[in-house]
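Here chain A shows up in two complexes: once beside chain B, once beside chain C.
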Partner chain A sequence: MRSTLATILLAASGLFMGTIVQAKDVKVGIVQSTSGGSAALYGIMQKNAAELAIAEINASGALGDIKLVGIHQDDAGDRGQTVNIFQRLISQEKVKAIFGPTLTNSAFAADPLAQRAKVPVIASSNTAPGVTAMGDFIFRTCATEPMVFPGVLDYVIKKRAPKTSAQIYGIDDMLMKTAYDVHKKALEKAGIKIVATETFQKGDVDYSAQLTKIKAANPDIVVIGGLAEETANIVRQARQLGIPASTIMLGANAAISTKLHDLAGPAAEGFLVGSGWFIGYDSPKNKAFVEAYRAKYNTNPDTFAAQAYAAVYVFADALKRAGGADDPVKLRDAIAATKDLDTSLGKISFDASREPVLSAKVLELKDGKFVLVSGD
Partner chain B sequence: MEVFAQQIVNGLSIGSIYAVFAIGCTLIFGVLNIINLAQGAFLMIGACVGLEAARFGLPLPVTLLVAAFGGGLLGVLSEQFMFRPLRKAGGHRWMGLVASLALARLLVGVAQEIFGTEVQAYPRSSMSAIIWQIGGVRIQALQLFIIAAAVVLMLLFAFILQRTSLGRAIRTVAFSEDVARIVGVRVESATLVTFFIAGALAGAAGLLLGVLFNVVSPFMGDSALVKGLTVMILGGLGNIPGAVAGGFLLGLLEVFSVAYVSSAFRDAIGFGLIFLILLVKPTGLFSGFEERRA
Partner chain C sequence: MIGLFEEFLSSYGNVVDLCLLNILLAYGVWLALSGNMFTLGTGGFMALGAYSSVFFTTQTGMPFSFAVLIGGLLAGGAALIIGLPVLRLRGDYFMLATFAFTEVVRVIALNWESVTGGAIGIVGIPRYTETWQLALLAIAAVYFAYALRHSHFGRSIAAIRQDDVMSQTMGINVLAHRLTLFGASAFVCGIAGAMAAHLNFFIGPTDFGLLRSVDALSYPILGGFNALLGPLVGAIFTTLLPEFLRFSNQWREILMGLLVILVVLYLPGGAMSLLQSDRLARIFRRRLIERHSIEQRAES
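Moving on to the complex of A and B:
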């Protein structure tokens, strides 16, 4: 009798909510920008990958009778909207976890809401320092700039022994400003003299004035703190202005995207970047992911897609170990206890500050593809 | 010296695009006394339509015409279905401003649906591969094409405005709609042509911007609009030669504030100087239709 009543109530509430929820459904929020300029470059891939992972997990029956229900919301790269979406997902949809948001700026605005409500957040593209420091419910699967850049620089030092460098970065993007700091520290530590520092802003298309200055300073390497489309144009314009191929271009982790070669063309050859993942990463889990993604979306996944995909698998694994999503603290502890879980990124664990423990890979753009040059 | 010359080339390339775009903005203001905030979206649509044409395999000068036509068509439609009904209904010209903002958002939304949100590049043309090195200065064939195209567009437009009966009609409407009616100018069609030319210039600017910098996206019109409005004010509202001079000046200002001060202060210096110019000459570099009317 009671269960009939509960069913009726549930059905009734389902009518109001617009979605009929079954007892064993676990709702999760996917907050990724699918509009809003360059943010969408990263958001669409992550949304696709998260939805792919959810579909696979549900189809596999790995969670028993629990079914994951992904609710995607587009924040258009605007942190005000991210906050609204988090509120709605937490209080109305009662999601048990949130994957995202796309941009670090949005994460700093919205993640505290989830932290207060004890809803775990697993980010896959918020690479700036301090994201997981917001609270013990905030995790991420993305390799951060300090994790990957020193490896890239070491590789260049071994190969070319550069003495001078130039830096150019997006001054109005927190992610790029922090990437700049990481790059600068690593360069100084390596004893490489910084002979020029230039900046640009979101929406800029013409970098020729800055690059002309950099060319005059004649550095051995140029370190670019920009998103994929910005980096692509900087690299292209740099070569057009006659910065020689012997000057190696290094980029931030955020620049890894199939778009880089699409936009820059042959000018991007030899571009170096550090990453937690790359498309040719040779592991059964990754190969299966890349194939499934291609089959479903007709395009290659990028690093953020792989990280978003892994985030969902991390959650599903923890959900299973926690025996369901009813106790948020138990669920959080289970995520934190993730140890050497084999994912598309390789084996992933979390350290005490909920940062991912992954092996970093140094990638070079060769013949239009990122290939592994060092790492494991 | 080499660096200086290179920066001049850099500034002239971007400045010529600013100039083409700003002429359209200032023309509409000069003739109709309204600011059309949808010009940025026309620029973006021009770039998108031009991109489709380029992918179809059409040569660059033809894609330029396609982009201009696309922008021009939108200009005509915006007048026919938005600005004119608003004027007929007795709307204040601020209403046209807000309506044009709405139109801009609508076009961005439509472009997102049709072209996607990702930044796209023009097919690599043989022209971008040709780079001349004169001393230490590198000039792309593409840059010369763009500067030349900008100059041709400006001359063509100046010719139409100064030497043809159509141009006389437009100038009469700009002077006074009532006077134009009295002397028998068909105000409606002169207005439509004005919107076509302004839209076409925006569309052409969009294509040039897209080809030179390889950035076509639904959002490319936003920052262009800010530059266009700046140039329009700098050159004197409604003043065509002012828009041309202002466009080149803004391009050079931006480049040289990066070159000799710091890229971190580029906009602060650029806009700061514009503010100073306006303090000394509040009507802009050249006086506009406004002043001549009074």
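Moving on to the complex of A and C:
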């Protein structure tokens, strides 16, 4: 028994041993779920993109003799593990910044540790409200629903002048619940009457009951607070039930996915959504990113990948301006001072509450592809 | 030495906290299991303890210790109320009823926005839970289990586990015993929920679902249900495993699943049975006997 224990302890110390680093290396943590169900869908893309950005920055020599060393750790979408990882990265690996975590729930549990230790966190997929309010070391590069939805609504108002709307959203999903609140507020502000509000739960595939009620209310627009798969099903079933094409469907930021067209088919034509990024975004930085990502991983990047990629570039730029990572406050100030940095998302800055300032892009699904209809 | 210890805690403090918390939970579930109650209500009881304690500490400014106690009592009270009808059910039906309870609590947490924050959950909960408190509770749980096993009540429970009809005829009030155990189990789970809520700044309805209940069930079963320290070993094993396997990335879930299957297959008495020196011999012997009896049955 004693020898078994000793072996286990030995193995443990070996596993937990820090990476050996050179004097000018700056270690950064990448906390993304690469296992653990649906969280991994978002986590793997972000991890890939962050590692791609680190490799590019190191190869370019833009940071002089400083080399970024990314340490990826998988939290399996489990909040307890996220906290474990943050503790270890901060106390043992002494990372200078953390990119992540994948899920907002994890962020609420783990970010306060980084805040207390003065380690900047740059999230690229925590879109719920209140994330950056946790402290002045918490930043994010992801466009949030309040940033993108008003643009989409403005576009619809200009085009169609809708009078009535219906809302349908996932009541048991944090992201969708917050999206619903944002949509509702924007609709009320625009003076559009909400004639029906319906809900669904994760895993639902049949929305005919809710859509029949919405059809009876005959709204000019339908605002959907759902993930890509859910939204696709809702759009398809709505058209099948006879909600006419003149009723425009608007979606939440999280619904952006090529899957939408694959699942909904022609029914999704004219579907509108707002985003901080889309794959066809026409800028040299973005084209280079998409190409490099495809070349390295043989697949298309998604919005979260683009936001994670931009997060690393934001950090590298701040690191350069701060002249190194030795002073955490100076580094934080440099990140906060980011101004119109050209990234894969376009020009990015941070506002006073460390939220990203980006151009919101209004996208319409045309012939199976998202195309830009408004925004730059 | 103290410096070393502090350094360890700053890197692995949360791992230690989670281990202790899960030990507490493991003994909570063990209480129910020892009365042959295969409960999936753990998540629901934890949620009761968590949400109510957070309500009391953040909304009414009640001291943490009282809030935790009330959380535990509420969970225990709920168990007594649902226990009366539910405990008349056996086996699968009891399991389904407790599962339904966990689901009901989850759905209430999703919809009662003014108290629970709905799907968004409650953010910014002050961190009151300290490692020493968790350690104390875990020690108390182990001691309680030890005392129970050696008490008259414990012997009655053991008899009920063997054969409840026979126990009833011998004058043991089976329903009362089970109800007490179920209530005590929920009380411990409620306390664990309250401690968990004040550990990591945030709670949401997804924290206390079916998954949590199943995880909690696996602690005493993996560790060894019959040994006093079985639940403790199971809780530590299950909590540390993902940390040890982190290097393996995508392989991790497969490895974890494999290990669990191996334990269940080759250590049916749980990991604690490893400590028994003649274990291998016994497993071998049991195999022989099983084969023998199968052969006999085939012949007859």
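What we mean here is this: the second predicted complex is superposed on the first by the 356 of 376 C-alpha atoms of A that agree within 3 Å, B and C clash if a C-alpha of one lies under 4 Å from a C-alpha of the other, contacts with A are read in each partner's own complex, and residues count from 1 in each chain.
In this section, a contact is a pair of C-beta atoms (placed from the backbone, for glycine too) under 8 Å apart; a residue touches a chain by one contact, two chains touch by 3 or more.
Since the structure is predicted, the reported quantities are computational estimates derived from the model, not experimental observations.
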| item | value |
| --- | --- |
| When chain B and chain C are modelled together on chain A, clash or fit | fit |
| First, second, both or neither for A:S91, with chain B first and chain C second | second |
| Vertex chain A, arms to chain B and chain C (CA centres, degrees, nearest 10) | 50 |
| Contacts of A:T178 with chain B and chain C, given as first, second, both or neither | second |
| Which superposed partner A:E291 touches (first chain B, second chain C, both, neither) | neither |
| First, second, both or neither for A:Q73, with chain B first and chain C second | second |
| Chain B versus chain C as contact partner of A:E188, first or second or both or neither | neither |
| Contacts of A:D327 with chain B and chain C, given as first, second, both or neither | neither |
| Partner chain in contact with A:V205 - chain B first, chain C second, else both or neither | first |
| Which superposed partner A:G36 touches (first chain B, second chain C, both, neither) | both |
| Partner chain in contact with A:D351 - chain B first, chain C second, else both or neither | neither |
| Smallest separation in angstrom, by C-alpha atoms, between chain B and chain C in the superposition | 5 |
| Set intersection of chain A contacts, chain C complex versus chain B complex | 34-36, 171 |
| Residue numbers on chain A that touch chain B, as the complex places them | 34-38, 40-41, 44, 171, 198-201, 203-206, 208-210, 212-213, 215-216, 229, 232-233, 236-237, 240-242, 259, 262-263, 265 |
| Parts of chain A lying in touch with chain C, wherever the complex brings them together | 1, 11-12, 15, 34-36, 73-74, 76, 78-81, 83-84, 87-88, 91-92, 105, 108-110, 112, 128, 130, 134, 171-174, 176-178 |
| Of all residues in chain C, those that touch chain A in their complex | 7, 10-15, 18, 110-111, 118-121, 123-124, 127, 200-202, 204-207, 242-244, 246-247, 249-250, 252-253, 275 |
| Chain A-facing residues of chain B, complex | 2-3, 6-7, 10-11, 13-14, 112, 117-121, 124, 128, 131, 133, 138, 140, 209, 213-215, 217, 219-220, 222-223, 254-256, 258-259, 262-264, 266-267 |
